[in-house]
């Protein structure tokens, strides 16, 4: 297997990151927004892998694992909160309805 | 060419498998008969194709355990990644890493015990917290509620 | 071969959280868990004072054994300690929303914060940050009876997720540029592709500003503070900011922020916007927590002024300011929690001087401190920051600071004014005024005394903060050679 | 010419070999069950009913390609493909003999397998969900819960082997067993892996996703024709995969005296498949909650313990 | 040695004592405690004065000194020094504070302890301002003295107090922050020159300032003091605040607090930045003249008696600005005399206004009239102070204003002319006030029985009248004593200490 071109991977990562950011901004469904943040994190993961490849160091992969672990924890908590909100009586995932707080 | 094949054997395998399976599905679609009109049984459009009409939507809310389980899976599976990364370099990393991993596993076990104790792993029948109350002049016969009931 | 160093406090807090987890698993007992939490925090505080630390040879150097870490770490632990004492109000009573896990999460949040303050490596920083964020997230969602808590938590989750992702992506770009995960802003003067590194630094900064809730990334803070319980609001407004600011200061310590560059411009703009925006936002609020959110944002702006004025007072003044801010803000929240836990609307504070004179007096002291009026500690803090700004010739920033703190004065004083005047007829408050528990009252007293005493005799704290500059050779990243 | 043909040949033979093994397994199961339960089993088509396999295949291929009108069509269509694909792809990294195997030398072969097995969860969940039928949905959810639970222990239980071999490459693992099969030092891991394998392929006694006395046919209630056939084949291919993995990871793969490597491999796999079928015949089905509790409360701690003990032993023996 | 800090601490501790006493609800006890404190303070002040003279201190020198490290890392010390100007201002403070306490015995029944506590805290802060020679300390007291005022006005003020107090606070604090900037700028410049961080007034006065910095720093100080004084464009807070304050507080505000601005102008603007302040002098003087005329004009148009006095006060304070910036010794002397005299006369007028408000229940002059027959003693005294205010020769204000005009004459004839025109307006509104309040027909019948003013009132007003008279007839001792000491002169006590 040949090594992927780090710059190409970086560009892909930037695109992924932008897509994720766009998703957070545009999507109104909480689950999709959560997924979009995960995409942003994954873009960072990809960038780390690419960078680690560029410098031939394992640091990038270590960081990758950390980020993945965090992403998992974050989505776990996020899902739990959504469930909790559901149980508390909010039956929609539309983020626009989350405006009981006056902001 | 051959070098390419050797290098990308897995990729070619994947491509081949995907194409093959698609062909199989397409083939069955092409070869199978099509029934329209009267030839199409009335109950074919019903769930379970048994003629029994189902009630309600199939988009039901599932017990919370399923969601909890998904969360635990995500956490434990990702945590095990750290063990994976140690597993391939046990000898090289030496005792220091072993101590770290032991700490990690202790944490993980403790978390598991916590989940266990807080009842997150309970799937089975639960005791009803509150006995079902039947009004005194209810026409319904007082049905004996079994001690353990599946919820 | 470099020495790796694990701060005592991190170890103690790790162990403590483990013990707490085990204790909860064994049997739930809220009072015991609260006491356990206090014990762990005190032990961590004691361990910070201890000079020895665990040294490991050959591992990644993740933490710096310096006074700055000790100072910020101690500040974080103390603030959490105050928050724990504050929360005992609900814990002792039959209120089920404060139970065992609450204290465990507080310990974890402390762990994250303390780890961040000492971090000199992206990995340790990221771990600390996320430990803190996730614990905070749990705490924000904790009051699960209220729908608001869920919304607040969701908001925090999404925005802190975006912030983390942005920051991590920035780290990745910097790593791609420099090949090092050590904590240092890349020197881009002779990098092959400075654009990647610059973008990375800007993304990191943006992420940090998100988490610090600096304008224009501030929108979540007010909602989160409003939606969650008072002690947790204090945690969000104080502890997490101390941790982040400590880490940010360390991150930028190797850079001469006097020289204009993309990142300096961003900090400058954000500082100005935060000072003005935070104060203007607070002026129009009728909800006390939202008002405090605005105030908190503004204080972040003031801190950024110190941040941009590194020589010779910058670090010291920021340290002092952090301490002053922590004391006063926690004080405000403690009083809120002790006296008017439901009184989010500032109109319900009408006539507090009649109903609870001591609490109202303490509250006034805190507000005066936040407004920066003598003899409270906030005065000296603001003075110190202005001194830093003047010495660094940050004229524009200082003018904005003056202007915005005059605006700030308006709403702090208006609050005191409200407490002094009885409610207008027909608009009597319906929120119940409670008596603080003895622990809570003691906490409030201690904080109020600290606010005044430190304001009159700031020299001890100044000495500590000055020692930070002298004794802390903040780490500079070793230049990496291109392979 | 040869260097080009050889890899292609390997690929084609692997795919069709798996298909063939799966198909024959269905027959084998029915016959063996017949034996165990003292009844004939299929014995009409061809000698010993051997052609029953072909007949079944023809029947499925020519059945109506029925997609219920209430189902989510694209997802309904894709789900069985994913299911079968996941299993087939796993075989890509299993080395059958020292020279045979699509990509047996892949350095993260084991991780690849875990990845593909994870993909299998999508199949059941999507099938259950897209069927728009309560039984199917319940079946799909049960399958997902069961599979993801056991995936964790499966991964952890294999770590003992990885530690002993020092590699994630399956070929390396097999080669590390030249002297001693890993089933001896890793008997605990092997047992956990076997149990996890049963649950992963939702075979009896862990076949709750399609527990017919509870939820109809589970996640594939609405499936018929070739799409059902794919689920069906995927299940047997999964059994074969599980057997193949146990063989390579714990039973020394192709290693064995006298006989050629391929034959050793085939024998071991065959015996394991028979063992699976015997399990079906011999064991009653537990309750679903017992399955989950067993996994999380027993297997997970055991596999963690296994890892620590293995690591300590390896370090002691290495004398670091 | 500790006499100077004791001047700050005595009122402060006394205030706390009054508060503690008052907690039991004994307003009388709080009042007594407060009065004792003030008497103690006066005794101490007298002792300081006597010992200063005994030590042979002459005009233009420093009499006493106290120094103690505060925040040594930043070169901040608790440093007090006393010169003639400080001494005179301290006496003014004491003299004005006494009636405030005396007269509040009856007016303040509600939470008297707290009232006296805050009042004395203000007095303590003002004392600190008049003595501090460490710039940080000065700023500390400068801000500190406002805080109790805030409480005083807010709790005991009248209807419009909330707006008024916010305005007051924002103005003074905002300008105070500018001063903080200027102080820090000065300190940093000094640090860059000498390498030492210090906030010491004497050390900083040695700083050689180059052209672009000095005016900027000076402006910071100038604006802060101009707001406090108040100078005309910054005067908007004053009428509201004076009108909304309780009687005792308006006396303190008009009598002493405004003078801290004048004191600051002399001590910090002129003494620290002689060249820069000379540059700004024409502008400052012009503003002073504008203030004199404009506010006098506004005073003419007022119906509210407190507002009238407030505007007249601004108008008279314009003379201080004029005198300070005239750059002449005689102008400076006049300004100081004006500060003292104006403090006494305006304070007395506010006493009278407070009394009228208390008795009549209104401050609206259109509802008053014909009070002379009802309360002849008060009316006579009012006449006296109105005359003092309009600058009747023989009274203190005349001395001040005359000296200022003389000083100004040496600089600009035009300004002198316009400033003198202000005096004409001053006589118009003063006499109109007398006319509307005390002469003419009685406007309302339903007013409460007026009765004679209480003995303390008469005593206070009488003493003030005597002092004004003394100042008017024989001003020389005050003029001699009150010459501000130059920062370049080192005090005797300090020399001894070194």
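Letters A, B, C, D and E name the chains as they come in the text, with residue numbers starting at 1 for each one.
In the analysis below, a contact is a pair of C-beta atoms (placed from the backbone, for glycine too) under 8 Å apart; a residue touches a chain by one contact, two chains touch by 3 or more.
Chain by chain, the UniProt names read as follows: A = NADH-quinone oxidoreductase subunit K; B = NADH-quinone oxidoreductase subunit A; C = NADH-quinone oxidoreductase subunit N; D = NADH-quinone oxidoreductase subunit H; E = NADH-quinone oxidoreductase subunit M.
Note that the coordinates shown come from a computational prediction; the quantities given were computed from them, not determined experimentally.
Colleague: Trace the shortest sequence of touching chains from subunit B to subunit D and report its length in steps.
Modeller: Minimal hop count between subunit B and subunit D: 1.
Colleague: Could you tell me which chains are in contact with subunit A and with subunit D alike?
Modeller: B
Colleague: Can you name the chain whose C-alpha mean lies closest to the mean of all the C-alpha atoms?
Modeller: Smallest centre-to-centre distance to the global C-alpha mean: chain C.
Colleague: What are the two chains with the top count of C-beta contact pairs?
Modeller: Top-ranked chain pair by contacting C-beta pairs: B-D.
Colleague: Going by the average position of its CA atoms, which chain sits the greatest distance from subunit A?
Modeller: Between subunit A and every other chain, the largest centroid distance is to E.
Colleague: Compared with subunit B, which chain's mean CA position is the farthest off?
Modeller: Result for max centroid distance from subunit B is chain E.
Colleague: So, what's the distance in Å between the C-alpha centres of subunit C and subunit B?
Modeller: 41
Colleague: With chain centres defined as C-alpha means, what is the inter-centre distance between subunit C and subunit E in Å?
Modeller: One centre to the other, that is 42 Å.
Colleague: Could you put a whole-Å number on the gap between the CA centroids of subunit A and subunit B?
Modeller: Subunit A and subunit B have C-alpha centres separated by 23 Å.
Colleague: Whole-Å distance, subunit B centre to subunit E centre, using C-alpha means?
Modeller: One centre to the other, that is 81 Å.
Colleague: Give me the residues of subunit B that touch two or more other chains.
Modeller: Answer for subunit B, listing residues that touch two or more other chains: 70, 77, 116.
Colleague: Which pairs of chains touch each other?
Modeller: The list of touching pairs comes to A-B, A-C, B-C, B-D, C-E.
Colleague: Under the touch definition given earlier, write down the residues of subunit C that touch subunit E in their complex.
Modeller: 353, 368, 373-375, 379, 383-384, 386-387, 390-391, 398, 402-403, 405-406, 409-410, 413-414, 416-417, 420-421, 457-459, 462-463, 466
Colleague: Can you list the subunit B residues touching subunit D in their complex?
Modeller: 1-2, 5-6, 9-10, 12-14, 16-18, 20-22, 24-25, 27-29, 31-35, 44-45, 47-49, 54, 58-60, 62, 65-66, 69-70, 72-73, 76-77, 80, 83-84, 86-91, 94-95, 98, 101-102, 105, 108-109, 112, 116, 121-125
Colleague: Which residues of subunit A touch subunit B once you look at their complex with the stated criterion?
Modeller: 1-2, 65, 68-69, 72-73, 75-76, 79-80, 83, 87
Colleague: Can you check the complex and tell me which residues of subunit E touch subunit C?
Modeller: Checking each residue of subunit E against subunit C gives 69-74, 136, 139-140, 143-144, 146-147, 150-151, 154-155, 162, 165-166, 169-170, 173-174, 177-178, 180-181, 184-185, 187-188, 191.
Colleague: Could you list, by residue number, the parts of subunit A that touch subunit C in their complex?
Modeller: So the residues of subunit A in touch with subunit C come to 6, 10, 13, 17, 20-21, 24, 30, 33-34, 37-38, 40-41, 43-44, 47-48, 50-52, 54-57, 59-60, 62-63, 66-67, 70, 73-74, 77-78, 80-82, 84-85, 88-90, 95, 98, 100-103.
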